[in-house]
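Here chain A shows up in two complexes: once beside chain B, once beside chain C.
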Partner chain A sequence: MQKNKKGAEKIISVYWFAILFIVAGAMVYMVSSFYGKPYDVREIEAGLLTNKIAECLSVEGYINENWGNLNTDNFLDQCGLDFNTEEIYSWNDDQYYIEVNISEKIISVGNTNLKGSCFLQGKNAPPCLESSLYAIDLQDNNYKINILSIVRKTEKNV
Partner chain B sequence: MKNLLKKNKRGNILTENIIFIVLNIVFITILLLFLFSRTGDASVLEEKYAKQIALLIDAAEPIMTINLNMEDAIKIAEKENFPAGEIVTRTGNVITVKLREDGGYSYSFFNDVEVNANFDTITKKEYYFVISEKE
Partner chain C sequence: MCDQNILNKKGQIGETMTWIVATIIIITILGISIFATQFIINPDKKITFSEDKEKNLLAIKSITSFLKNEKNVELLRNKDYVNFEKEVKVLLETLPDPSVGSAGDWNFELYENDEKKIEVHNYRLATNIGQYNHFENNFLFEQTKLRFWLECQGICK
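Up next, the complex of A and B:
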(Lines of atoms letter the chains of each structure in order from A and count residues from 1; the text may use other names and numbers.)
(Lines give C-alpha, C1' and ligand atoms only; values in the text may rest on other atoms or scores of the structure.)
Protein backbone atom coordinates (compact mmCIF):
# COMPACT_ATOMS: atom_id res chain seq x y z
CA MET A 1 0.00 0.00 0.00
CA GLN A 2 2.81 2.34 0.96
CA LYS A 3 4.75 1.42 -2.19
CA ASN A 4 1.79 2.43 -4.33
CA LYS A 5 1.56 5.77 -2.55
CA LYS A 6 5.22 6.49 -3.27
CA GLY A 7 4.74 5.57 -6.92
CA ALA A 8 1.74 7.86 -7.17
CA GLU A 9 3.73 10.74 -5.65
CA LYS A 10 6.48 10.30 -8.25
CA ILE A 11 3.92 10.33 -11.06
CA ILE A 12 2.39 13.49 -9.63
CA SER A 13 5.80 15.18 -9.53
CA VAL A 14 6.44 14.18 -13.17
CA TYR A 15 3.10 15.73 -14.14
CA TRP A 16 3.95 18.77 -12.05
CA PHE A 17 7.17 19.32 -14.00
CA ALA A 18 5.37 18.66 -17.27
CA ILE A 19 2.86 21.39 -16.38
CA LEU A 20 5.68 23.72 -15.35
CA PHE A 21 7.41 23.21 -18.70
CA ILE A 22 4.19 23.83 -20.61
CA VAL A 23 3.48 27.04 -18.67
CA ALA A 24 7.09 28.19 -19.05
CA GLY A 25 7.05 27.41 -22.76
CA ALA A 26 3.87 29.42 -23.22
CA MET A 27 5.33 32.36 -21.29
CA VAL A 28 8.59 32.30 -23.27
CA TYR A 29 6.63 32.16 -26.53
CA MET A 30 4.34 35.06 -25.57
CA VAL A 31 7.16 37.28 -24.30
CA SER A 32 9.33 36.52 -27.33
CA SER A 33 6.51 37.21 -29.77
CA PHE A 34 5.58 40.47 -27.98
CA TYR A 35 9.09 41.89 -27.54
CA GLY A 36 10.40 40.41 -30.79
CA LYS A 37 8.15 42.71 -32.82
CA PRO A 38 8.68 46.47 -33.07
CA TYR A 39 6.28 48.97 -31.53
CA ASP A 40 3.78 50.05 -34.18
CA VAL A 41 3.46 53.84 -33.92
CA ARG A 42 2.31 54.57 -37.47
CA GLU A 43 -1.28 55.38 -36.52
CA ILE A 44 -0.15 57.80 -33.82
CA GLU A 45 2.27 59.38 -36.29
CA ALA A 46 -0.47 59.73 -38.93
CA GLY A 47 -2.71 61.35 -36.30
CA LEU A 48 0.00 63.84 -35.34
CA LEU A 49 0.59 64.61 -39.02
CA THR A 50 -3.13 65.31 -39.49
CA ASN A 51 -3.15 67.61 -36.44
CA LYS A 52 -0.13 69.48 -37.72
CA ILE A 53 -1.78 70.04 -41.13
CA ALA A 54 -5.06 71.10 -39.50
CA GLU A 55 -3.22 73.62 -37.31
CA CYS A 56 -1.49 74.96 -40.41
CA LEU A 57 -4.74 75.40 -42.36
CA SER A 58 -7.00 76.66 -39.64
CA VAL A 59 -6.36 78.90 -36.64
CA GLU A 60 -9.15 79.07 -34.05
CA GLY A 61 -11.73 78.11 -36.66
CA TYR A 62 -10.56 80.65 -39.23
CA ILE A 63 -8.98 79.36 -42.41
CA ASN A 64 -5.39 80.38 -43.13
CA GLU A 65 -5.61 83.53 -45.26
CA ASN A 66 -2.84 82.23 -47.52
CA TRP A 67 -4.50 78.90 -48.29
CA GLY A 68 -5.07 79.97 -51.89
CA ASN A 69 -1.31 80.24 -52.39
CA LEU A 70 -0.65 76.75 -51.06
CA ASN A 71 0.37 74.14 -53.61
CA THR A 72 2.26 70.85 -53.86
CA ASP A 73 5.61 72.61 -54.12
CA ASN A 74 5.36 74.96 -51.15
CA PHE A 75 3.04 73.01 -48.82
CA LEU A 76 5.78 71.37 -46.74
CA ASP A 77 7.67 74.65 -46.25
CA GLN A 78 4.54 76.65 -45.42
CA CYS A 79 3.29 74.08 -42.91
CA GLY A 80 6.66 73.34 -41.30
CA LEU A 81 6.94 69.73 -42.44
CA ASP A 82 9.95 67.69 -43.47
CA PHE A 83 9.43 64.29 -45.10
CA ASN A 84 13.10 63.23 -45.11
CA THR A 85 13.64 59.90 -43.38
CA GLU A 86 16.59 57.86 -42.14
CA GLU A 87 18.67 56.24 -44.87
CA ILE A 88 17.79 52.60 -44.27
CA TYR A 89 15.90 49.77 -46.04
CA SER A 90 16.32 51.65 -49.37
CA TRP A 91 13.89 54.31 -48.18
CA ASN A 92 14.07 57.28 -50.46
CA ASP A 93 12.17 59.90 -48.46
CA ASP A 94 8.97 58.27 -49.72
CA GLN A 95 7.39 57.11 -46.48
CA TYR A 96 4.67 59.77 -46.22
CA TYR A 97 1.72 60.89 -48.28
CA ILE A 98 -0.74 63.66 -47.54
CA GLU A 99 -3.71 64.90 -49.50
CA VAL A 100 -5.62 68.02 -48.59
CA ASN A 101 -8.92 68.92 -50.19
CA ILE A 102 -10.15 72.47 -49.59
CA SER A 103 -13.24 73.48 -51.55
CA GLU A 104 -12.37 71.21 -54.49
CA LYS A 105 -8.73 72.36 -54.48
CA ILE A 106 -6.54 69.31 -53.97
CA ILE A 107 -2.98 69.50 -52.69
CA SER A 108 -1.04 66.24 -52.51
CA VAL A 109 2.51 65.78 -51.26
CA GLY A 110 4.68 62.68 -50.83
CA ASN A 111 4.63 59.20 -52.28
CA THR A 112 1.45 58.95 -54.39
CA ASN A 113 1.74 55.13 -54.57
CA LEU A 114 0.83 54.92 -50.90
CA LYS A 115 -2.71 56.08 -51.66
CA GLY A 116 -3.40 52.79 -53.43
CA SER A 117 -2.50 50.84 -50.29
CA CYS A 118 -5.44 52.34 -48.39
CA PHE A 119 -7.62 49.56 -49.82
CA LEU A 120 -5.29 46.83 -48.61
CA GLN A 121 -5.99 44.75 -45.53
CA GLY A 122 -3.51 43.35 -43.03
CA LYS A 123 -0.84 44.58 -40.69
CA ASN A 124 1.62 45.38 -43.48
CA ALA A 125 -0.73 47.91 -45.06
CA PRO A 126 0.13 51.47 -44.00
CA PRO A 127 -2.60 53.15 -41.95
CA CYS A 128 -4.62 55.75 -43.86
CA LEU A 129 -6.15 58.40 -41.66
CA GLU A 130 -8.95 60.53 -43.10
CA SER A 131 -10.19 63.56 -41.17
CA SER A 132 -12.43 66.52 -41.89
CA LEU A 133 -12.78 69.93 -40.33
CA TYR A 134 -14.74 73.05 -41.03
CA ALA A 135 -13.39 76.59 -41.08
CA ILE A 136 -14.64 80.04 -42.02
CA ASP A 137 -12.92 83.03 -43.50
CA LEU A 138 -13.25 86.68 -42.46
CA GLN A 139 -16.30 87.02 -44.75
CA ASP A 140 -18.00 84.09 -42.96
CA ASN A 141 -17.69 81.76 -45.95
CA ASN A 142 -17.64 78.08 -44.96
CA TYR A 143 -14.91 75.69 -46.00
CA LYS A 144 -14.76 71.96 -45.55
CA ILE A 145 -11.21 70.67 -45.29
CA ASN A 146 -10.51 66.97 -45.87
CA ILE A 147 -7.12 65.64 -44.84
CA LEU A 148 -5.72 62.22 -45.76
CA SER A 149 -2.49 61.19 -44.00
CA ILE A 150 -0.54 58.01 -44.71
CA VAL A 151 2.62 56.88 -42.96
CA ARG A 152 4.40 53.81 -44.34
CA LYS A 153 7.59 52.95 -42.40
CA THR A 154 6.46 49.30 -42.44
CA GLU A 155 9.92 47.80 -41.84
CA LYS A 156 10.32 49.71 -38.58
CA ASN A 157 6.82 49.14 -37.26
CA VAL A 158 5.68 45.65 -38.22
CA MET B 1 16.73 -2.14 13.64
CA LYS B 2 13.08 -1.38 13.06
CA ASN B 3 13.56 2.11 14.48
CA LEU B 4 16.60 2.73 12.29
CA LEU B 5 14.65 1.83 9.14
CA LYS B 6 11.88 4.20 10.10
CA LYS B 7 14.36 7.02 10.55
CA ASN B 8 15.91 6.39 7.11
CA LYS B 9 12.48 6.37 5.49
CA ARG B 10 11.61 9.73 7.01
CA GLY B 11 14.98 11.06 5.86
CA ASN B 12 14.29 9.99 2.27
CA ILE B 13 10.93 11.72 2.19
CA LEU B 14 12.47 14.94 3.46
CA THR B 15 15.33 14.82 0.91
CA GLU B 16 12.92 14.19 -1.95
CA ASN B 17 10.79 17.16 -0.88
CA ILE B 18 13.78 19.45 -0.58
CA ILE B 19 15.05 18.44 -4.05
CA PHE B 20 11.55 18.98 -5.44
CA ILE B 21 11.24 22.45 -3.91
CA VAL B 22 14.79 23.46 -4.92
CA LEU B 23 14.15 22.35 -8.52
CA ASN B 24 10.93 24.37 -8.59
CA ILE B 25 12.68 27.46 -7.25
CA VAL B 26 15.54 27.08 -9.76
CA PHE B 27 13.05 26.66 -12.60
CA ILE B 28 10.98 29.71 -11.64
CA THR B 29 14.12 31.82 -11.10
CA ILE B 30 15.41 30.97 -14.59
CA LEU B 31 12.01 31.86 -16.04
CA LEU B 32 11.86 35.19 -14.20
CA LEU B 33 15.45 36.04 -15.23
CA PHE B 34 14.48 35.39 -18.85
CA LEU B 35 11.39 37.62 -18.56
CA PHE B 36 13.30 40.50 -16.92
CA SER B 37 16.15 40.24 -19.41
CA ARG B 38 13.69 40.49 -22.32
CA THR B 39 11.63 43.38 -20.92
CA GLY B 40 14.64 45.47 -19.86
CA ASP B 41 16.73 44.65 -22.91
CA ALA B 42 18.88 47.49 -24.30
CA SER B 43 17.59 47.05 -27.86
CA VAL B 44 13.95 47.21 -26.68
CA LEU B 45 14.62 50.41 -24.73
CA GLU B 46 16.53 51.98 -27.63
CA GLU B 47 13.57 51.45 -29.95
CA LYS B 48 11.03 52.56 -27.36
CA TYR B 49 12.81 55.84 -26.57
CA ALA B 50 13.73 56.65 -30.20
CA LYS B 51 10.09 56.36 -31.25
CA GLN B 52 8.80 58.13 -28.15
CA ILE B 53 11.16 61.09 -28.65
CA ALA B 54 10.34 61.33 -32.39
CA LEU B 55 6.60 61.40 -31.61
CA LEU B 56 7.11 63.97 -28.83
CA ILE B 57 8.92 66.23 -31.30
CA ASP B 58 6.16 65.73 -33.90
CA ALA B 59 3.60 66.89 -31.33
CA ALA B 60 5.71 69.80 -30.09
CA GLU B 61 5.63 73.48 -31.02
CA PRO B 62 8.57 75.89 -31.10
CA ILE B 63 9.60 77.45 -27.76
CA MET B 64 8.78 74.26 -25.87
CA THR B 65 11.01 72.30 -23.54
CA ILE B 66 10.20 68.63 -23.03
CA ASN B 67 11.58 66.68 -20.09
CA LEU B 68 11.76 62.90 -20.47
CA ASN B 69 12.62 60.52 -17.65
CA MET B 70 15.06 57.95 -19.05
CA GLU B 71 16.33 56.49 -15.79
CA ASP B 72 16.11 52.84 -16.91
CA ALA B 73 17.94 53.56 -20.17
CA ILE B 74 20.65 55.61 -18.42
CA LYS B 75 21.25 52.75 -15.95
CA ILE B 76 21.78 50.30 -18.81
CA ALA B 77 24.14 52.74 -20.58
CA GLU B 78 26.17 53.09 -17.36
CA LYS B 79 26.39 49.28 -17.09
CA GLU B 80 27.63 49.16 -20.69
CA ASN B 81 30.16 51.95 -19.95
CA PHE B 82 28.47 54.19 -22.52
CA PRO B 83 28.50 57.94 -21.72
CA ALA B 84 25.05 59.10 -20.57
CA GLY B 85 25.46 62.42 -22.37
CA GLU B 86 25.66 60.67 -25.74
CA ILE B 87 22.57 58.45 -25.46
CA VAL B 88 20.30 60.69 -27.55
CA THR B 89 21.62 62.36 -30.70
CA ARG B 90 19.92 64.15 -33.57
CA THR B 91 21.08 64.21 -37.18
CA GLY B 92 18.82 66.29 -39.41
CA ASN B 93 15.35 65.10 -38.58
CA VAL B 94 16.44 61.69 -37.30
CA ILE B 95 16.65 60.84 -33.60
CA THR B 96 19.10 58.12 -32.56
CA VAL B 97 19.09 56.43 -29.15
CA LYS B 98 22.21 54.44 -28.33
CA LEU B 99 22.79 52.58 -25.06
CA ARG B 100 25.85 50.53 -26.03
CA GLU B 101 28.82 50.78 -28.36
CA ASP B 102 27.48 48.34 -30.99
CA GLY B 103 23.79 49.24 -30.68
CA GLY B 104 21.50 52.13 -31.57
CA TYR B 105 18.05 52.77 -33.04
CA SER B 106 16.99 55.67 -35.25
CA TYR B 107 13.58 57.09 -36.07
CA SER B 108 12.67 60.19 -38.07
CA PHE B 109 10.25 62.97 -37.22
CA PHE B 110 8.35 65.14 -39.72
CA ASN B 111 8.11 68.35 -37.69
CA ASP B 112 10.48 70.84 -39.32
CA VAL B 113 11.87 72.38 -36.13
CA GLU B 114 15.25 72.81 -34.47
CA VAL B 115 15.76 70.30 -31.66
CA ASN B 116 18.48 70.27 -29.02
CA ALA B 117 18.75 67.11 -26.93
CA ASN B 118 20.44 67.68 -23.56
CA PHE B 119 21.29 65.37 -20.68
CA ASP B 120 20.16 66.74 -17.32
CA THR B 121 23.43 66.71 -15.38
CA ILE B 122 21.71 67.68 -12.12
CA THR B 123 19.18 64.86 -11.76
CA LYS B 124 21.15 62.46 -14.02
CA LYS B 125 17.85 60.72 -14.77
CA GLU B 126 16.38 62.86 -17.52
CA TYR B 127 16.92 64.24 -20.96
CA TYR B 128 15.36 67.54 -21.96
CA PHE B 129 14.60 68.64 -25.49
CA VAL B 130 14.52 72.29 -26.45
CA ILE B 131 12.32 72.93 -29.49
CA SER B 132 12.87 76.13 -31.47
CA GLU B 133 12.13 77.56 -34.91
CA LYS B 134 14.53 76.64 -37.71
CA GLU B 135 16.61 79.59 -38.85
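Up next, the complex of A and C:
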Protein backbone atom coordinates (compact mmCIF):
# COMPACT_ATOMS: atom_id res chain seq x y z
CA MET A 1 0.00 0.00 0.00
CA GLN A 2 2.79 2.40 1.06
CA LYS A 3 4.73 1.74 -2.20
CA ASN A 4 1.59 2.40 -4.32
CA LYS A 5 1.08 5.78 -2.64
CA LYS A 6 4.67 6.86 -3.39
CA GLY A 7 4.20 5.90 -7.07
CA ALA A 8 0.97 7.90 -7.30
CA GLU A 9 2.62 10.96 -5.76
CA LYS A 10 5.44 10.77 -8.36
CA ILE A 11 2.92 10.64 -11.20
CA ILE A 12 1.01 13.60 -9.75
CA SER A 13 4.22 15.67 -9.40
CA VAL A 14 5.02 15.01 -13.07
CA TYR A 15 1.47 16.07 -13.90
CA TRP A 16 1.92 19.25 -11.84
CA PHE A 17 5.09 20.13 -13.75
CA ALA A 18 3.27 19.55 -17.03
CA ILE A 19 0.43 21.87 -15.97
CA LEU A 20 2.95 24.45 -14.76
CA PHE A 21 4.70 24.46 -18.16
CA ILE A 22 1.39 24.62 -20.04
CA VAL A 23 0.18 27.61 -17.97
CA ALA A 24 3.57 29.38 -18.19
CA GLY A 25 3.74 28.73 -21.95
CA ALA A 26 0.23 30.10 -22.44
CA MET A 27 1.06 33.23 -20.45
CA VAL A 28 4.28 33.83 -22.43
CA TYR A 29 2.33 33.34 -25.67
CA MET A 30 -0.39 35.81 -24.62
CA VAL A 31 2.05 38.46 -23.42
CA SER A 32 4.23 38.14 -26.54
CA SER A 33 1.13 38.34 -28.75
CA PHE A 34 0.02 41.48 -26.97
CA TYR A 35 3.32 43.30 -26.68
CA GLY A 36 5.34 41.59 -29.41
CA LYS A 37 4.43 43.95 -32.24
CA PRO A 38 5.75 47.50 -32.13
CA TYR A 39 3.48 50.51 -31.87
CA ASP A 40 3.34 52.62 -35.00
CA VAL A 41 4.09 56.14 -33.75
CA ARG A 42 5.36 57.59 -37.04
CA GLU A 43 2.31 59.80 -37.53
CA ILE A 44 2.76 61.29 -34.06
CA GLU A 45 6.48 61.75 -34.71
CA ALA A 46 5.65 63.57 -37.95
CA GLY A 47 3.20 65.74 -36.00
CA LEU A 48 5.84 66.59 -33.41
CA LEU A 49 8.29 67.43 -36.18
CA THR A 50 5.67 69.75 -37.72
CA ASN A 51 5.08 71.43 -34.35
CA LYS A 52 8.83 71.98 -33.90
CA ILE A 53 9.05 73.59 -37.34
CA ALA A 54 6.00 75.76 -36.57
CA GLU A 55 7.57 76.90 -33.29
CA CYS A 56 10.73 77.81 -35.19
CA LEU A 57 8.94 79.72 -37.97
CA SER A 58 6.29 81.50 -35.94
CA VAL A 59 7.25 83.12 -32.66
CA GLU A 60 4.44 84.69 -30.61
CA GLY A 61 2.32 85.07 -33.72
CA TYR A 62 5.01 86.70 -35.86
CA ILE A 63 6.98 84.97 -38.55
CA ASN A 64 10.65 84.38 -37.79
CA GLU A 65 12.50 87.54 -38.84
CA ASN A 66 15.27 85.44 -40.37
CA TRP A 67 12.98 83.30 -42.53
CA GLY A 68 14.43 84.92 -45.66
CA ASN A 69 17.86 83.60 -44.74
CA LEU A 70 16.68 80.06 -44.10
CA ASN A 71 17.74 77.50 -46.67
CA THR A 72 18.30 73.77 -47.05
CA ASP A 73 21.79 73.95 -45.56
CA ASN A 74 21.06 75.92 -42.40
CA PHE A 75 17.44 75.02 -41.67
CA LEU A 76 18.17 72.19 -39.21
CA ASP A 77 20.70 74.25 -37.26
CA GLN A 78 18.50 77.35 -37.16
CA CYS A 79 15.49 75.37 -35.96
CA GLY A 80 17.39 73.13 -33.55
CA LEU A 81 16.52 69.92 -35.38
CA ASP A 82 18.65 66.82 -35.75
CA PHE A 83 17.91 64.15 -38.37
CA ASN A 84 20.48 61.67 -37.05
CA THR A 85 18.91 58.32 -36.27
CA GLU A 86 19.86 55.23 -34.29
CA GLU A 87 22.56 53.14 -35.93
CA ILE A 88 20.35 50.14 -36.62
CA TYR A 89 18.62 48.51 -39.60
CA SER A 90 21.32 50.05 -41.85
CA TRP A 91 19.67 53.43 -41.51
CA ASN A 92 21.88 56.14 -42.85
CA ASP A 93 20.25 59.24 -41.35
CA ASP A 94 17.77 59.13 -44.22
CA GLN A 95 14.55 58.53 -42.31
CA TYR A 96 13.13 62.04 -42.40
CA TYR A 97 12.02 64.55 -44.98
CA ILE A 98 10.56 68.01 -44.46
CA GLU A 99 9.44 70.59 -46.95
CA VAL A 100 8.48 74.11 -45.96
CA ASN A 101 6.78 76.48 -48.35
CA ILE A 102 6.70 80.15 -47.32
CA SER A 103 5.45 82.56 -49.94
CA GLU A 104 6.62 80.37 -52.82
CA LYS A 105 10.03 79.88 -51.19
CA ILE A 106 10.56 76.15 -50.76
CA ILE A 107 13.00 74.72 -48.24
CA SER A 108 13.43 70.96 -48.33
CA VAL A 109 15.65 68.94 -46.01
CA GLY A 110 16.21 65.20 -45.66
CA ASN A 111 15.70 62.18 -47.86
CA THR A 112 13.97 63.49 -51.00
CA ASN A 113 13.04 59.95 -52.08
CA LEU A 114 10.51 59.76 -49.25
CA LYS A 115 8.35 62.39 -50.93
CA GLY A 116 7.65 59.97 -53.75
CA SER A 117 6.13 57.48 -51.34
CA CYS A 118 3.38 59.86 -50.20
CA PHE A 119 0.90 58.45 -52.68
CA LEU A 120 1.53 54.86 -51.54
CA GLN A 121 -1.07 52.98 -49.52
CA GLY A 122 -0.58 50.34 -46.86
CA LYS A 123 0.98 50.14 -43.44
CA ASN A 124 4.56 50.10 -44.78
CA ALA A 125 4.13 53.47 -46.49
CA PRO A 126 5.63 56.32 -44.48
CA PRO A 127 3.02 58.80 -43.25
CA CYS A 128 3.10 62.17 -44.97
CA LEU A 129 1.70 64.93 -42.79
CA GLU A 130 0.73 68.14 -44.58
CA SER A 131 -0.10 71.13 -42.39
CA SER A 132 -0.47 74.84 -42.85
CA LEU A 133 0.11 77.79 -40.61
CA TYR A 134 -1.02 81.40 -40.72
CA ALA A 135 1.52 83.99 -39.65
CA ILE A 136 2.15 87.70 -39.99
CA ASP A 137 5.27 89.84 -40.07
CA LEU A 138 5.87 93.09 -38.22
CA GLN A 139 4.28 95.02 -41.12
CA ASP A 140 1.06 92.94 -40.73
CA ASN A 141 1.58 91.10 -44.02
CA ASN A 142 -0.08 87.67 -44.09
CA TYR A 143 1.90 84.49 -44.76
CA LYS A 144 0.63 81.01 -45.36
CA ILE A 145 3.26 78.47 -44.38
CA ASN A 146 2.83 74.93 -45.69
CA ILE A 147 4.76 72.21 -43.89
CA LEU A 148 5.19 68.65 -45.15
CA SER A 149 6.73 66.17 -42.70
CA ILE A 150 7.57 62.56 -43.54
CA VAL A 151 8.96 59.97 -41.14
CA ARG A 152 10.01 56.57 -42.49
CA LYS A 153 11.37 54.30 -39.71
CA THR A 154 9.25 51.45 -41.08
CA GLU A 155 11.38 48.66 -39.57
CA LYS A 156 10.92 49.98 -36.06
CA ASN A 157 7.22 50.79 -36.26
CA VAL A 158 5.57 48.15 -38.42
CA MET B 1 -8.15 -9.31 0.39
CA CYS B 2 -9.79 -9.23 -3.05
CA ASP B 3 -12.49 -6.80 -1.84
CA GLN B 4 -9.80 -4.55 -0.35
CA ASN B 5 -7.99 -4.33 -3.78
CA ILE B 6 -11.22 -3.42 -5.57
CA LEU B 7 -11.88 -0.63 -3.06
CA ASN B 8 -8.34 0.78 -3.57
CA LYS B 9 -8.76 0.73 -7.37
CA LYS B 10 -12.07 2.63 -7.11
CA GLY B 11 -10.29 5.30 -5.08
CA GLN B 12 -7.50 5.60 -7.68
CA ILE B 13 -9.98 5.82 -10.57
CA GLY B 14 -11.90 8.56 -8.74
CA GLU B 15 -8.69 10.56 -8.18
CA THR B 16 -7.63 10.15 -11.82
CA MET B 17 -11.03 11.33 -13.03
CA THR B 18 -10.72 14.43 -10.80
CA TRP B 19 -7.34 15.31 -12.34
CA ILE B 20 -8.54 14.67 -15.90
CA VAL B 21 -11.52 17.01 -15.35
CA ALA B 22 -9.21 19.58 -13.69
CA THR B 23 -6.81 19.40 -16.66
CA ILE B 24 -9.65 19.88 -19.13
CA ILE B 25 -10.90 22.91 -17.16
CA ILE B 26 -7.38 24.45 -16.98
CA ILE B 27 -6.75 23.95 -20.70
CA THR B 28 -10.22 25.31 -21.56
CA ILE B 29 -9.63 28.46 -19.47
CA LEU B 30 -6.20 28.94 -21.08
CA GLY B 31 -7.68 28.41 -24.54
CA ILE B 32 -10.38 31.03 -23.89
CA SER B 33 -7.70 33.45 -22.58
CA ILE B 34 -5.53 32.95 -25.68
CA PHE B 35 -8.58 33.39 -27.93
CA ALA B 36 -9.57 36.54 -26.04
CA THR B 37 -6.01 37.90 -26.37
CA GLN B 38 -6.15 37.43 -30.13
CA PHE B 39 -9.50 39.20 -30.18
CA ILE B 40 -8.29 42.15 -28.08
CA ILE B 41 -5.05 42.74 -30.01
CA ASN B 42 -5.28 45.54 -32.54
CA PRO B 43 -3.31 44.24 -35.54
CA ASP B 44 -2.36 47.75 -36.67
CA LYS B 45 -1.14 49.08 -33.32
CA LYS B 46 -1.17 52.48 -34.92
CA ILE B 47 -1.22 55.56 -32.71
CA THR B 48 -2.35 58.52 -34.76
CA PHE B 49 -3.19 61.04 -32.10
CA SER B 50 -2.35 61.84 -28.54
CA GLU B 51 -4.60 63.34 -25.90
CA ASP B 52 -2.64 66.47 -25.25
CA LYS B 53 -2.99 70.16 -25.95
CA GLU B 54 0.01 70.38 -28.25
CA LYS B 55 -1.84 68.67 -31.07
CA ASN B 56 -3.65 71.94 -31.66
CA LEU B 57 -0.50 74.04 -31.63
CA LEU B 58 -0.67 75.08 -35.27
CA ALA B 59 -4.27 76.24 -34.98
CA ILE B 60 -3.56 78.24 -31.81
CA LYS B 61 -0.52 79.83 -33.45
CA SER B 62 -2.54 80.74 -36.54
CA ILE B 63 -5.41 82.26 -34.53
CA THR B 64 -2.92 84.20 -32.39
CA SER B 65 -1.28 85.62 -35.51
CA PHE B 66 -4.67 86.49 -36.96
CA LEU B 67 -5.69 88.40 -33.85
CA LYS B 68 -2.33 90.15 -33.62
CA ASN B 69 -2.77 91.52 -37.11
CA GLU B 70 -3.54 95.20 -36.60
CA LYS B 71 -5.61 95.29 -39.82
CA ASN B 72 -7.98 92.65 -38.41
CA VAL B 73 -8.16 94.38 -35.04
CA GLU B 74 -9.02 97.62 -36.82
CA LEU B 75 -11.86 95.89 -38.71
CA LEU B 76 -13.22 94.62 -35.39
CA ARG B 77 -12.87 98.00 -33.76
CA ASN B 78 -14.77 99.65 -36.64
CA LYS B 79 -17.35 96.85 -36.60
CA ASP B 80 -16.63 96.23 -40.28
CA TYR B 81 -17.93 92.70 -40.07
CA VAL B 82 -18.26 92.21 -43.83
CA ASN B 83 -14.53 92.58 -44.42
CA PHE B 84 -13.69 90.83 -41.16
CA GLU B 85 -15.68 87.82 -42.35
CA LYS B 86 -13.59 87.74 -45.55
CA GLU B 87 -10.40 87.69 -43.49
CA VAL B 88 -11.76 84.94 -41.24
CA LYS B 89 -12.55 82.83 -44.30
CA VAL B 90 -8.91 83.10 -45.39
CA LEU B 91 -7.79 82.08 -41.91
CA LEU B 92 -10.11 79.07 -41.68
CA GLU B 93 -8.83 77.81 -45.02
CA THR B 94 -5.31 78.08 -43.65
CA LEU B 95 -5.99 76.28 -40.37
CA PRO B 96 -4.61 72.76 -40.36
CA ASP B 97 -6.92 70.01 -41.44
CA PRO B 98 -6.98 67.75 -38.39
CA SER B 99 -8.46 64.99 -40.45
CA VAL B 100 -5.82 62.40 -40.98
CA GLY B 101 -8.40 59.80 -41.87
CA SER B 102 -11.46 61.58 -40.56
CA ALA B 103 -13.42 64.68 -41.41
CA GLY B 104 -12.80 67.88 -39.52
CA ASP B 105 -13.75 71.47 -40.20
CA TRP B 106 -13.01 74.76 -38.51
CA ASN B 107 -15.79 77.20 -37.80
CA PHE B 108 -16.14 80.72 -36.50
CA GLU B 109 -18.83 82.80 -34.87
CA LEU B 110 -18.81 86.42 -33.76
CA TYR B 111 -21.18 87.65 -31.08
CA GLU B 112 -21.76 91.26 -30.16
CA ASN B 113 -23.58 91.61 -26.85
CA ASP B 114 -24.60 87.95 -27.19
CA GLU B 115 -26.12 88.60 -30.62
CA LYS B 116 -24.61 86.52 -33.41
CA LYS B 117 -23.23 88.80 -36.15
CA ILE B 118 -21.01 86.49 -38.20
CA GLU B 119 -21.03 82.79 -38.81
CA VAL B 120 -18.35 81.23 -41.01
CA HIS B 121 -17.98 77.54 -41.79
CA ASN B 122 -15.20 75.95 -43.72
CA TYR B 123 -16.76 72.70 -44.83
CA ARG B 124 -14.16 70.74 -46.68
CA LEU B 125 -16.74 68.04 -47.25
CA ALA B 126 -19.32 70.58 -48.43
CA THR B 127 -21.86 69.26 -45.94
CA ASN B 128 -22.66 70.03 -42.37
CA ILE B 129 -21.17 67.16 -40.45
CA GLY B 130 -21.25 68.90 -37.11
CA GLN B 131 -21.82 66.46 -34.32
CA TYR B 132 -19.04 67.35 -31.94
CA ASN B 133 -17.37 70.52 -30.80
CA HIS B 134 -13.66 70.28 -30.15
CA PHE B 135 -10.77 72.62 -29.47
CA GLU B 136 -13.12 75.51 -28.77
CA ASN B 137 -11.29 78.79 -28.32
CA ASN B 138 -13.14 81.90 -27.21
CA PHE B 139 -11.67 85.38 -27.32
CA LEU B 140 -13.17 88.55 -25.93
CA PHE B 141 -12.62 91.89 -27.63
CA GLU B 142 -14.47 94.61 -25.72
CA GLN B 143 -18.14 93.59 -26.08
CA THR B 144 -17.36 91.22 -28.93
CA LYS B 145 -16.90 87.49 -28.47
CA LEU B 146 -14.96 85.50 -31.07
CA ARG B 147 -15.53 81.77 -31.07
CA PHE B 148 -13.37 79.34 -33.04
CA TRP B 149 -14.14 75.66 -32.90
CA LEU B 150 -13.61 72.43 -34.74
CA GLU B 151 -16.27 69.99 -35.86
CA CYS B 152 -15.32 66.41 -36.47
CA GLN B 153 -17.05 63.26 -37.50
CA GLY B 154 -15.92 61.02 -34.70
CA ILE B 155 -12.71 61.89 -32.90
CA CYS B 156 -10.75 64.99 -33.85
CA LYS B 157 -7.17 63.97 -34.40
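Methods note: the second predicted complex is superposed on the first by the 124 of 158 C-alpha atoms of A that agree within 3 Å, B and C clash if a C-alpha of one lies under 4 Å from a C-alpha of the other, contacts with A are read in each partner's own complex, and residues count from 1 in each chain.
Following the convention adopted for this analysis, contacts are C-beta pairs under 8 Å (C-beta built on N, C-alpha and C of every residue); 3 or more make two chains touch, one makes a residue touch a chain.
Predicted, not measured: the structure shown is a model, and the values here were computed from it.
In the overlay built on the shared chain, the residue A:Ile44 is in contact with chain B and with chain C. Of the two partner chains, chain C is the only one that A:Tyr29 touches; chain B does not reach it.
Measured by the number of chain A residues touched, the leading partner among chain B and chain C is C. After overlaying the two complexes on the shared chain, residue contacts for A:Tyr89 are found with neither chain B nor chain C. When the two complexes are overlaid on their common chain A, residue A:Leu76 makes contact with chain B while staying clear of chain C. Residue overlap on chain A between its contacts with chain B in one complex and with chain C in the other: 38-39, 41, 44, 51.
Considering their complex, residues 20, 23-24, 27, 31, 34-35, 38-39, 41, 44, 47-48, 51, 55, 58-59, 92-94, 106-108, 110-113 of chain B touch chain A.
Chain contact summary for the complex, chain A toward chain C: residues 1, 4, 8, 12, 15, 19, 22-23, 26, 29-30, 33-34, 37-41, 43-44, 47, 50-51, 54-55, 58, 60-62, 123, 127, 129-136, 140, 142, 144. Across the complex, chain B is touched by residues 13, 17, 20, 24, 27-28, 31-32, 35, 38-39, 41, 44-45, 48-49, 51-52, 76-77, 80-86, 88, 95-96, 156 of chain A. On the side of chain C, the complex with chain A involves touching residues 8, 12, 15, 19, 23, 26-27, 30, 33-34, 37-38, 40-41, 43-50, 54-55, 57-58, 61-71, 90-91, 94-97, 100.
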